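Single-structure report; data block below.
Chain lettering (A, B, C and D) follows the sequence in which the chains are written, and residue indices restart at 1 in each chain.
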Amino acid sequence: MSVLIDASSRMLIYGIAGNFGRFSARDLVASGSTVVAGVAPGRGEAAVEGIPVFMDARTACRSTDASAAIVYVPAPAALDAVLEVLDAGCKVVVYPGDGLPVQDAIALRSAARRCGATLVGPNTPGLISPGKAKLGFMPSHCFIPGPLGVVSRSGSLSYEAAWRLTSAGLGQSCAIGIGGDPVKGLNAAEAIELLHADPETQVIIYLGEIGGSDEYALARYAARAGAKPTAALIVGAAAPAGKKMGHAAALVGSALDSQAAKVEALRAAGVHVADTLRNLVPAARAAL
Amino acid sequence: MSVLIDASSRMLIYGIAGNFGRFSARDLVASGSTVVAGVAPGRGEAAVEGIPVFMDARTACRSTDASAAIVYVPAPAALDAVLEVLDAGCKVVVYPGDGLPVQDAIALRSAARRCGATLVGPNTPGLISPGKAKLGFMPSHCFIPGPLGVVSRSGSLSYEAAWRLTSAGLGQSCAIGIGGDPVKGLNAAEAIELLHADPETQVIIYLGEIGGSDEYALARYAARAGAKPTAALIVGAAAPAGKKMGHAAALVGSALDSQAAKVEALRAAGVHVADTLRNLVPAARAAL
Amino acid sequence: MMMTEHAGKSLLLSYGVPVPHGLLVRNAAQVRRWGDVYPAAIKAQVSSGGRGKAGGVLRVAHPQEAAAAAQRLLALEFAGERPSTLLIEPWIEHTRELYLALTIDGEAGGYSVLYAPAGGIEVEDNPPIRYGFGEPADFRAHVLRDRLGPVEQDAGVRERVVAMARRLLFIATSVDATTVEINPLAVLPDGKLLALDAKVVLDEAAAFRQAATAAERVKARRREPRMVQRALAGNLMMVALDGDIGLISGGAGMTMAGMDMLAAAGLKPACFLDCSSNPTPAGYQLAFDLLDGERRVKAILVSIFGGGTQVDRVAKTLEAIMAARRSRKPVVIRINGTGRERADAILRDAGLYNQPTLESALEAMIAAVPPR
Amino acid sequence: MMMTEHAGKSLLLSYGVPVPHGLLVRNAAQVRRWGDVYPAAIKAQVSSGGRGKAGGVLRVAHPQEAAAAAQRLLALEFAGERPSTLLIEPWIEHTRELYLALTIDGEAGGYSVLYAPAGGIEVEDNPPIRYGFGEPADFRAHVLRDRLGPVEQDAGVRERVVAMARRLLFIATSVDATTVEINPLAVLPDGKLLALDAKVVLDEAAAFRQAATAAERVKARRREPRMVQRALAGNLMMVALDGDIGLISGGAGMTMAGMDMLAAAGLKPACFLDCSSNPTPAGYQLAFDLLDGERRVKAILVSIFGGGTQVDRVAKTLEAIMAARRSRKPVVIRINGTGRERADAILRDAGLYNQPTLESALEAMIAAVPPR
C-alpha cells in the first residue's frame, strides 16, 4: 500500500451515470485505476464505460469487493450518499463536491471515523499515487512517481504545482487534495501523518493558502524531532482582508490567517517556503 | 442482582442540593438504599443529609464507586446532566423529570445504549426492588417483597396499584416506572424482558393507559411460548378521543390507541386484564 | 400541538420544501385579493385533523364561488373549532398523490418515516410502510430506499421521496416537531414534488428553546374553555369533560384511573385535573376555585396518591382550603402515599375524613350525589 | 455571511436566548417612536465586524441626542458599507461583560465553544479559552464546565454559560450557522445573562435548506459592486480588487496564485475571478463581458489549469469568444491540464497562442501593459 490507495485498490464511482461521472470513469480507467463498480440509484443502466452499474452501494461492494469510492452527487445529496458508501464498507472515500454545508461535513467526518474509514474532501480533486492509482480527477500527465508527498488545499493549484515539479524531474509518491473547506474528512495534520508514515515519501510538499489553521499543523510537524523535510507554497498574499477567496475557508479574518503570518511561522519551523509558484521547485529541491 | 438495582447498588443523586433532591436523599436513605454521593454543580455544600456532595459526576463516581444515579434537574438541563452521569460510568440512570423534549429523550436513549447503560425515564418515579433497594421516590410503604414484577407507565397509578397488591399480600420482586412519554430510555418491551429474565419474578403486572403502543409489546410477549403469566390494568376508558391526558403519550389518536382496543388485544394474547383498579388484585391473583 | 396548514406550509417553505403559493384570508371579502387564478382550492385553517372528511376543503371555479365557499367554511366547526382563517391556493395539476411523514415512534425509540404510494384520503385503506430508525444520526437514505422498493415502482419518485424524508428529519429536529406529515405530497407532471398539505405537530416540551412553539401554545390555550385556560395558567393539567363530579387528582395515570372508577360507578367526571405539576397550596387552591366556580360541578373528589408529592403537606393544604372555603359542594377526600399517617392525623384533627380506599370514597360520593 | 446585530438577536430570541427589547429605525425621525427609555444605546446595523471600534455604537441620554446620533451613524461607512438601519435599545445595567461564541473549528473537525470572562473589546487582549468538541453529539457540558473552571471563578455564571453554550449549539445546527457569537454577554444584577450583541454567521452552502440564508444571500449580493453581482448571478466566484489586470482563472488556489504572481511581477489584479463553478461557454463569456465592460481593466489574463474542467473544451470556448469579441483589450492565455494537447492545437488553429507557463504569460502581459 502506498498512501490510502495503490494498484490493488478496487474502486467504485457513485453517481457514475451523470456527465461528470462518465467523464471520470473514462479518465480513471485511462489512468490505470481499477474501477470495478458504478452506482446510480434510480437509473436503469447496466454499465457505463464497461463498468457494471448497481442501484446501491451495498450491492456494488458485495458484488465487486470495491473498497474505495469517489462520490459524484450535488451537495444536498452528499450526506446520504457518503453514508451509504461508508455503510457499504468502503474504507477510502473521496467526496469532491463543493458547497457542502459545514454541518454535513462534520457529520461525515465523524461517520467516517466511526466506520474506521478515511474521507477525503469535500471540495477536493481526490488523490493520486502516480504510477499506481488515482481516485480523483486531477490531470494524470502532471504527475510522475517520485519521492515527494504532496498535500494541497486547492485542486487547480496542485495540478500546476505537480506539473512544475514533474517538469523539473521531481516525482511524487502521492498527492492528496484535502480540500478548501474549513472542516475536512482528512485534515492537513492527518494527511501529513500519512505521508510521514509512508516509506516512499521522502519530502512533504504542502500547498496552502490564507485562512484556516491547517498551515500551523505543518509548522508543528516540521518542528518536531524526526520530521521529514518539508517545503510549502502559501498563496493569497495579494488577497484583501475580510473577503472570502472562493474557498469557504480562504478568508483573512485575523492576523494568523494571513499569508505573511503563515510563511513566517513555517519558516521559523524550518519549512522551505515558496511565496509564489515561481519559487516552488527551488523550495522542493532545497528540501530534498 | 435483582432487576437493575439491588442491595449492593451504590447510588448517586444528581441535583441533591435542591429541595426535591434533599427530600429524595432523606427518603432513599430511609428506604435502606445505599446513597454514596450527591452532585451539585455550582453549589458549595460539602454534604447533604450526611451524603458527600461533589461538583461533578466524574469525581463523585471516582471517589465513591457510585454506579447508579437519579438525576433531579429541570428538563432544559436534563440532556447535559444525564450525559454527564453516563460519561461518569453510571450503568443505571433514572431521569424522573417530565416535560423533556422528545428530541432530547431520543438522544439520551441512544447515548445510554452506547454507554452500555440503562436509562429509566423520563417522567417516572424510578424503580424499586422491595426489601433490597429503591432508586426513585415512590412511597416505600406501598411495596413488600414478593413474586410480582410490575411495569408502569404512570407513577401515581403504580403506587395505588402496589398498595392494593401489598394490602392483599401480593408482594413485588420489582416495580419499574417506565414513564409516560412516547420515547423512553427503557420501554415496555425492554422492561418486560428484564422481568422475564429475573428468576425472582413469577408474574408480570403491567399498568398501562391509552395512547402509544407499549401495551402491544405486552400482548406480543404474552402470546409467545415460555412467557411468564401476565396481568394488566389499562386506564383511560373514560378519556375522550383527541385530548392529551397529562402524559405526552396518553392521547387517543387512532383506534389502536383506545383502552378498549388495548384490553381486547391483551385478552386475546392471554393477559389477565383489569379494566379498573377494582379488578387489579383479582387479575393478579388469576395470573399467579 | 398541531399547526394550521398555512403555518405548517410556511415552515416547510422556510426549509426549502416547495408548497403552492397561497393566500391567507380572514373573511369572504378578502377573497377578492386572490386575483384570478382559478380553479382554486379554499381550505379551512384549523388545528385538528380530519378536516378533509369534514368538508373543510372546497374546489372553486371563480370568484363568486370562492366568496360563497369562504362564507360557508367560516361558519363550520371542526372538532369544536371555528376556523378564523382560510387558505386559498391554485388548484394544482398533478399526476399522483403520495403520503410522506416523519414522526416519533416509541417502538423505534426515536423517529420514523412513513410512506404510502397512494396518499390523500386513500392512505387510510392502505397503511403506510414504516422505517423507524431512532436517532437522527441513524437515518439512512439507502435503507429507506430499500424499504420503498416494494411499494414504489417509480425510481425517480423514490429518489425524490428519500431526499424529502431527509429534509423532513432536518426540519423536525430544527423546530422540535414530533410530526411533519405531507398528505398529499403531489407528483407534478415534471416529476417534482409539491406539498399540497402539511400537518406539523410541535413538541410543547421544547417551548423553552423554540419561541414559535411557545407562541403556538399561547394560541392553543386561547382556544380552550375559560376554566381550562385558568388551570393551565396555574400549571395544572386540565381537560374539560361534560360530567358533574370535579376530580382533583395527581398524576396522569391515577387521574385517568379515578375517571374510570367514577364512570364505572355510574358517576360522570367533570374534568381530568392533574395537580402533580403544581402540588402546592396555590395549585390546590386554584383547583378548588375552578371547580367550586363551575356551576355544573356538583361535588369534588380529591384523589391523590403521592410519592414525591408528600401527602401530609397536601393534608395541611386541604385543611386550610376547607377552612376558608365558602362553597357547599360536597368534598370527598382520599389521599395516600408518602407521609400518609401524618396526613390522616392532620385531616382527622381538622374534622375532615380521609377515605381509606377509592372504593369507599366512591361510596361516599354516591351517597352525597347519587347518580341519575 | 454575517447577519446584522438586529437580525442575529431576533434569531437568538426565537430560540429563547434573552436579548434587550430594541427598536429598528431607518432614519432620525423614526427615533421618536422609541419613547422615553433613556439612557439608550443606538447602534449602526452592518454586516461586518469591528463596528464598535469604528464608532458605530453611541450612548444617548435623551431624544435630541438620539436623533443627532442617528443622523451621524447613518452617514458613516463601516468596511465600505453605509448602515441602512439603526437599533435602539435601553442602556442595560450589568455587573460584568462576558464573551461566548460557538464556532466552526477546523482543528476540532467540527464545532468549538469560545469563552472569555472579560468580554467586550477587552477580549482582544485576553484571548478566549477554547473547547473544541467536533460533532454536536460530542458536546459535553461537564467538559466545558471543567474548562471554564480555571478562568471563571463564579460557579453560578459558569452554570449559566454552560447552559447558554448548549443553546448556541442548538441554534447553530438548526439554522446552519458557522458562528454564533455573543460579545458582550452581560451578567445582570440578578445573575441572569443577556445578549447585548450578536454576531451570527450563516453557512451559505446551506441555502438550499434554509430559506432565511437564501434571503440573506440575496441581500448580501445587493451590497456588492454591480460587476460582482453579475458574476455571482452567473455562478462565477468574484471578488473585486482595485488593479487593472482582469484575471480569469479556475479554482480558488490557482486564482490566488495567479494574483500573487501578477503582484510579484508589479502588475495589479483587478479581481479574483474563479470560473471553476461554471466552466461553460456561458460562464467564460460572462467573465469576458464583465472585464471587457469594466473601464479600469486594461488587459485580461486567462489562467486555467483544469482537472475536471477539460481544457480542450475551454479552448473551443475561447476560440468562439475571441472570434466574436469586439473589445481591443489585450488577452494573454495560458491553459493547461486535462486535454492540454488538443487545447494547444485548437488555439493554434484559431490563431491564438497558448503560453507554455505562467511566467511566459506574465512576460507577455508586461509587454502588453507595462507596470507603472
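Here are some notes:
Convention: a contact is a pair of C-beta atoms (placed from the backbone, for glycine too) under 8 Å apart; a residue touches a chain by one contact, two chains touch by 3 or more.
All values derive from a computational prediction rather than experimental measurement.
Traced through touching neighbours, the fewest hops from chain A to chain B number 2.
Between chain B and chain C the centroid-to-centroid distance comes to 25 Å (mean Cα coordinates, whole Å). Chain D has its Cα centroid 43 Å from the Cα centroid of chain C. One simple way to say how far apart two chains are is to compare their mean CA positions; for chain B and chain D this gives 51 Å.
Residues of chain A in contact with at least two other chains: 76, 107. Each of the following residues of chain C touches two or more other chains: 137, 173, 208-209. With chains as nodes and touching pairs as edges, the resulting graph is of another kind, matching none of line, ring, star or complete.
Contacts between chains, counted with the stated touch criterion, involve the pairs A-C, A-D, B-C, B-D, C-D. Listed in rising order, the residues of chain B touching chain C in the complex are 20, 23-24, 27, 75-76, 96, 98-103, 106-107, 109-110, 125, 136-139, 141-142, 152-160, 163, 180, 182-184, 187, 189, 207, 209-210, 212-214, 217, 233, 235-240, 242-250, 259, 275-278.
Listed in rising order, the residues of chain C touching chain B in the complex are 48, 79, 104, 106-107, 109-111, 134-138, 172-173, 176, 178, 203, 205-206, 208-209, 237, 239, 241, 249-257, 259-264, 269, 272, 274, 276-277, 304-308, 310, 336-338, 340, 358-359. Chain B contributes residues 41-44, 56-58, 76-77, 79-81, 83-84, 87, 107, 111 to its touches with chain D in the complex. Across the complex, chain C is touched by residues 13-16, 137, 167, 170, 173-175, 208-212, 214 of chain D. By the touch criterion given at the top, residues 137, 140-142, 145-146, 155-156, 158-159, 162-163, 166 of chain D touch chain B in their complex.
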